[in-house]
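Labels run A, B, C, D and E following the written order; every chain starts at residue 1.
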Amino acid sequence: MYLGRIIGTVVATRKDERLTGTKLMVTQPLNLEKAPVGEALVAVDTVGAGIGEIVIFTKGTAARYAADKLQSPIDAAIIGIVDNIDIYRDFINDKS
Amino acid sequence: MYLGRIIGTVVATRKDERLTGTKLMVTQPLNLEKAPVGEALVAVDTVGAGIGEIVIFTKGTAARYAADKLQSPIDAAIIGIVDNIDIYRDFINDKS
Amino acid sequence: MYLGRIIGTVVATRKDERLTGTKLMVTQPLNLEKAPVGEALVAVDTVGAGIGEIVIFTKGTAARYAADKLQSPIDAAIIGIVDNIDIYRDFINDKS
Amino acid sequence: MYLGRIIGTVVATRKDERLTGTKLMVTQPLNLEKAPVGEALVAVDTVGAGIGEIVIFTKGTAARYAADKLQSPIDAAIIGIVDNIDIYRDFINDKS
Amino acid sequence: MYLGRIIGTVVATRKDERLTGTKLMVTQPLNLEKAPVGEALVAVDTVGAGIGEIVIFTKGTAARYAADKLQSPIDAAIIGIVDNIDIYRDFINDKS
């Protein structure tokens, strides 16, 4: 799974009918400093996350399980709202 | 899912027979400024999208569900035509 | 799916028996200018493509469907020979 | 599979219920010099790994098998604790 | 599939039990000049490949088929030992 921040929404009137009723959230992947890294993607919200929140998202078949829509075109889903990230920075550059 | 713009089409007379009747669209991934980012790919249209339109596309097994051709060589599909993208820019560089 | 050019072949006498009889083609991904982009990969030919031809290839489970060998180690396959790519260049840098 | 180091944990109270009871570990991919490379991800621990340890992790459907939760939103899992990595450096730049 | 060179091994005593008996090979992806490109990964050997050999490896579900362990955490496997790579270099920069 990956860390991201919800930064927007997408409206698409003409879409696969299996997306009807889903919330399509623009999700920006984050690095450990919570800074944007890489390109934003569109993930289906499954946990009631809101704009600005830091979330955990998943990709591929895992996203269809998250949305309980296995036979759908979903390939990314938000599966958790992050309360806290504890990083032990001493280990990041440890070469042992 | 990902944001892209349809910028062309591909014609292939000799191809997997399960692609017959599909529209193969050259799709350019976009960043949040709607500028090209990364390399274009070839996606099957499932929503009647046209050249120049901004779309949502999906990859992998999700694309075969989108095309309702689970047992096919499709690994990318256009699944929505974007009406609007709302980005809350204040949050993009938020480090809280 | 992705655009590529067949630039070579791989010979491997000792290999997974499910690859026996397949043609292993070195395939170079291409950008919209038909220039090499990223690293070449090894794809199974399913359409009778030849050296130098521009092709469409697919990855992952889709490649096993293409090869009609679902239970095999194949993760990339050539699924079409490109006759023509029509790009509407005015749209590539459109920001609307 | 990939080499990484566990550098932290993520707490998410509101999450997909199938993640309840899992340990969500912030995992930093490593190169052959055990230096950080690429962005950290969040992997479910399945082997009792601790902060600072070098591990093997897997992605995609393989991660759901690792966690014995095939129908879950998991797409990354820690599957081994590394005792030793033997690299034969003479071969790295061998062009034969 | 991808071209790589086996450059080492990984020992992990504590690991997913479905990896017991497998050989975990550190595999360095190669470009067409047989030079290292991108980061090394850990692949299960299924063909008796040795240190220093150039191999074909596969990723994702294909790797579990290669290892004949579909319900396992394996996501990368070595599936062939390369005897020869024939590259037709005139085609690499062909723009026709």
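We take it that a contact is a pair of C-beta atoms (placed from the backbone, for glycine too) under 8 Å apart; a residue touches a chain by one contact, two chains touch by 3 or more.
Predicted model, so just to flag it, every value in this text is computed and none were measured.
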Shared touch partners for subunit C + subunit E come out as none
Count the smallest number of chain-to-chain hops linking subunit B with subunit C, moving only between touching chains.
1
Fit subunit A to subunit E (C-alpha, same chain sequence): the rotation, rounded to steps of 5 degrees, is 145
Using mean C-alpha positions as chain centres, tell me how far subunit A is from subunit C in Å, no decimals.
30
Rounded Å distance between subunit D and subunit E, as computed from the means of their C-alpha atoms:
19
Which subunit D residues sit where two or more other chains touch them?
60-61, 63
Which chains make up the ring, in order, starting at subunit A and heading to subunit B first?
A, B, C, E, D
Report the residues of subunit A in contact with subunit B in the complex, numbered from low to high.
5-16, 18-19, 24, 26, 28, 33-36, 39-43, 51-52, 60-61, 63-64, 71-76
Help me check something: in the complex, which residues belonging to subunit C touch subunit B?
1-3, 29, 31-32, 37-38, 46-48, 56, 58-63, 65-66, 77, 79-89, 91-96
